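Below are two complexes that have chain A in common, paired first with chain B and then with chain C.
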Partner chain A sequence: MAIQVKVLERPIRQTSYVRAMLKGMAITFKHLTNPHKVTWQYPEQKWDLSPRWRGTHRMLTDENGKAKCVACGLCPQICPANCIKLVPGEDEEGNRYPLVYEIDEFRCIFCGYCQEVCPEEAIHVGRHYENSEYSRAGFVYDLERLMAQTHPVCEMWDPADPRGE
Partner chain B sequence: MNTYAALMLFQHAYDPQAPVHGAPWLWFSIIKILVVFTVLMVTIAYLTLAERKISAWIQDRHGPNRVGPRGLAQPLADGLKNIMKEETYPSAAYSPLFILAPVMSFIPALITFAVIPFAAPLPTPWGLVDMSIADLPVGFLYILAIASLGVYGIVLAGWSSNNKYALLGGLRSSAQMVSYEVSMGLAVVAVLLLSGNVSLSSIVASQVATGWYFFPLLIGFFLFLVAAFAETNRLPFDLPEAESELIAGYHTEYSSMKFSMFFIAEYSNMTTASARLTTLFFGGWAVPFWTTVDTAPWHWWKTVITLVCFMIKTGFFLFLYMWIRWTLPRFRYDQLMSVGWKVMLPIALCYLVVMAGAILALDAAGVAPSARFGDFVPTYWAILGVLNIVLAVLVFVVLDRGRLVSPASARVGPSELAELRAMATRGPAPAQGD
Partner chain C sequence: MADAQQVSLTIEGRQVNVPAGTSILEAAKTVGVLIPHYCYHPGLSIVGNCRMCQVEVEKMPKLAPACQTAVAEGQVVHVYADRALTARKAVLEFLLINHPLDCPICDKSGECELQDYTYREGRAVGRLQDPKRFNPAEDFGGDVQYVTNRCILCTRCVRFMDEVAQDTVLNVSERGDRAVIGKFEGKDLTHPWAANIIDLCPVGALLSKDFLNKSRAWELDRTASVCPNCTQGCNTILETRDNMVVRMRPRSNLDVNHYYLCDEGRLDYRWMNRTDRLEAPLVRRGDRLAATAWDDALRAAALHLNGKRAFVLASPMLSNESLWVLSRIMKHGGGAGGFRVRREPEAPLPGVPDLARRAERAANVRAAELFGFVKSDMPLAGMQEGDVLIVADHEVAAADAPALAKASAVIVIGTTMPELVSNAMVALPSTNVAEEDGTFTNLRGRVQQYRQARAAPGMSRPVWWSGGDLLVFLGERAGYYIASEAFAALAAQQPEFAGMSYDSLGFRGQVLAGQPVAAGGAAR
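What follows is the complex of A and B.
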């Protein structure tokens, strides 16, 4: 005999089926008529992102429409995921600029170190999360694409205002 | 003048208030079959949407709202998806029955609707057209017979799939149907005692004359309701499909349109069961407190109003089905059997004896079924109703003592409890054969 079950002596109101059933039906009916629904209607209704949200990268440009990047190589150096590919170039006046600047958004862990380390405030992580592509190759963002992004950029953690107020 | 004479002849030959006969009867029957089938299929399609919407609302969600305005085209998308999906034929399945099974569950579910009167008769130039496809003189027996056939589809599906879960689902279904059919049949005998006829149209007519049966047959109504839930395999009696234990049970191996057939069968069973509840206990198409509409002479607007009334009542029971589905958990198998055989059957038997006695006593006392107390309340109806309320209170007080459904936490006597506790302190019992 497999009687190793803990048997509790319960009052009638706990073992009654009919009363529990009616109570349950009252609860479900209350929810049925409740106009407050918890689902977010996603494409129409979006989450408010934190100002410190670290999402899709963005390369800022100067007043001439050129990338601010001077190809110093700090961001590929600090990147823990090794997702930034930078080939520096130099023009005839000796100004350095990136010949190739690619970020693999799939490899990126969105730590935001690239933005923190950038001396020119060129590369930023942004307040944006909707990146979908038909192929994996589409997630390698080149310089042109990084410059074309328009979303607001991340405000990094400020020691003077640790709570982001 | 000639036309007028022809018209008079025509009028003479076809009285709008006399039942239609001859060739027009055939044509009207065909039209009714087509219309009822179409309306039923559309209703079923939209019931799937209603089910999803109601479940969503009960769970504080929105439900499908992407296809069409407010999700109203969802059934079309679902249907299209089901037709486009790949048909799978498991190699181990026994193909002839595997293919036959969805048909076997689909057809009985649909043809049950044939005898249900869904509106007041419609007078046409060719005579009075009954608003039921076939008003069989043995209407109710036909329903009981066809409803029992539905189990074959499920059992055959379970067996021919050659899958242990499907087989278990089929077995459960057959056990369940057999258990609950008994009390369903007995619960309905009381209706037949009151109406004195098994034809559904005369059951409706006698409810119009003497008041609806849900009140004088309150317990019978509850028994029938519970049995109807069990017969349609809806929660809390959905053991045959039991997603969590049997992975959808008997239709595990089915895909595409064959799966869809089981789905349609389930929903048309629900519709028919709701229509049956309406017809037997809630006056069918009768409009409450408006006898003009419910009685001859018939007129087309009476047909329309009664049709709407029938739809509202049936719709209420369909809603009840969904409401209960999204409230109650599934019974355990032993609970199912104990409710069926140890609760429902004895109650149905005793109830039948009590009601037969009460009706006999009322007839002996000379109370006419159509007599009205104070020109409004039907005496017969009220007396039986009060009797039923007393019985219902007794049944629920006696049975609702933790024993109605054998619970996981049984109420045990003090001596048994002491024994159990002693066992528990001794540690695990030695295995058999030690």
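What follows is the complex of A and C.
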């Protein structure tokens, strides 16, 4: 014997979709003309980064275009993720200079300690977020690449001005 | 020391008992209180010119320099009294007037006493507004570079050259704030022990040119070792960075080298980092040597040795354990052994009794002779026709080539493949002094242990390990897996080593049984 299913008989004004659809269309048309927009038009329109944003690194250079780094070894020492490789050496004038300076941006946790510890204000975390590469190896930034970056750098937290005002 | 009168005093609330005549500074060290100091060094005379070690002693009207004040019965010393701290803070401020703030590029940074004490007791911020004095850096000759600006004029280097090296080269030139360490006219730091002033310097004023800008002090791993470069057996610290030995420094041992290490010894560490090493056991397959497993190679070596006389060419750079295992391989078939040792002029350090860079430039000549290897310029002369020649990390010179041809088979045990050996049947990779634990016997019969500082390359093993396994293949009782085990077996069988173990050796060493005791010198 077939199962008995109770079928409710509803009036047409309750079951018709026309009313609901018109209601939805009204909202759509309202937003089409309403200037209140939430969506960011990303590649054209970019986000304002906080002055304390910590992104991928940048090595600052002196007036001669050389890296400010003196290979003191404090950033690899303080780095909690152990992502900085530094081999010290001498340049042509006998000054202490990094022979190898590499930051593995994949391993980096962007804590900004390297910038905070640097006595020469050479290495900085940058206000920058667009990082894409075709290979993992591309995320190991060497000295040349760090020096070639041009994005603005992070302003570290200043105890005298804790809210950055 | 038993006959010296004992004095008891209180330092920082701790009861101290020391012989009369000890300085407060030395007495404080015995209870673990380090009184800051610059000019004082236990190996040099006391001048008290840095004024850094001032402490408060009860019932004394003024602060006392701890390095120069002898202990007295019932004295109560306060190292961290307010008055003493203020005085030391002022001394540090004066020292820092002209000291540049270049710690980031200074090689001493991290092991600098000025840094340490300033961090502990100094002012956080300098008050001086005037510019700092500037003098250019100067090359002092030898391995030493003098960075004038960093000098605090403690005169340790001047006193070392005067009193210990007894070659007056350095002086304090000029007066007042222009004072610098200078060289006498026409003199240079050519003394063979001159580089010790680099270790003596409490700040970064005297730097090693060899180590300059190579590494930071905190990146180094330090291992207690023994200098393998002559028969003196100076105690050293091997410092490694990224598995590479980058520096060798003296480790104090008042029975051997006091606080010093000769220039040649300290700079001769590069061979420990060689990269052209034997890394896997090799056996001959046709006309080439093929890498194989340890057991295969040892079995092949045992087959060659079986029933034959072995002639062992053993390097005097090998440890006691290794040489002893090799001597057992040698005696297994009633064989013989020999070695050659490089000789160069001896260079004594006059200020320390019985300390010199010895003529024989190898670590373990004493033990090699003790275990029956014959020292000779032509070590292969004793080889007979048909012997199996074992070359154990020993260099093969052109003069040895005719004797090589007499061997029925050649087995190489070594860190590298000797160039002139073309007909080796088996090659077993071994470790060098930086890559194994072991002991050396110095020329006065002092047995001293050294520790492993870097990882051994590939499959290489210490000679006492591979040699012990080879003995097992030959049917003897052997087979050691840690160095102390090999040493225990050696101590049980060699009467000279009776009663010794790695624990009893410690890091000061022990003298062989039956060794005449020299007065005050190395064999004390």
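Convention: the second predicted complex is superposed on the first by the 127 of 165 C-alpha atoms of A that agree within 3 Å, B and C clash if a C-alpha of one lies under 4 Å from a C-alpha of the other, contacts with A are read in each partner's own complex, and residues count from 1 in each chain.
As a convention for this text, a contact is a pair of C-beta atoms (placed from the backbone, for glycine too) under 8 Å apart; a residue touches a chain by one contact, two chains touch by 3 or more.
Since this is a predicted model, take the numbers as computed values, not measurements.
S.K.: Contacts for A:119 in the overlay, against chain B (first) and chain C (second): which applies, first, second, both or neither?
M.R.: second
S.K.: Tell me which partner A:16 touches in the superposition: chain B (first), chain C (second), both or neither.
M.R.: first
S.K.: Under the stated touch criterion, which partner chain does A:89 make contact with: chain B (first), chain C (second), both, or neither?
M.R.: second
S.K.: Looking at the overlay, what does A:160 touch: chain B (first), chain C (second), both, or neither?
M.R.: neither
S.K.: Would you sort A:24 into first (chain B), second (chain C), both or neither based on which partner it touches?
M.R.: Only chain B is touched by A:24; chain C is not.
S.K.: For A:77, decide between first (touching chain B), second (touching chain C), both and neither.
M.R.: In the superposed model, A:77 contacts chain C only, not chain B.
S.K.: Does chain A have more residues touched by chain B or by chain C?
M.R.: Partner with more touched residues of chain A: B.
S.K.: Once chain A of both complexes is superposed, is A:34 in touch with chain B (first), chain C (second), both, or neither?
M.R.: After superposition on chain A, A:34 lies in contact with chain B alone.
S.K.: Which parts of chain A are in contact with chain B and also with chain C?
M.R.: none
S.K.: Per the contact definition, I'd like the list of chain C residues that touch chain A in the complex.
M.R.: 103-105, 109, 212-216, 218-219
S.K.: Which positions of chain B touch chain A when the two form their complex?
M.R.: On the chain B side, the touching residues are 54, 57-62, 323-324, 326-328, 396, 400-402, 404-405, 407, 409-412, 417, 420, 423-424, 428-429.
S.K.: In the complex, go through chain A and note every residue touching chain B.
M.R.: 1, 3-4, 6-10, 12, 14-19, 21, 24-25, 27-29, 31-34, 36-39, 41
S.K.: Along chain A, where are the residues that touch chain C in the complex?
M.R.: Per the touch definition, chain A meets chain C at residues 70-74, 77, 88-90, 95-96, 119-120.
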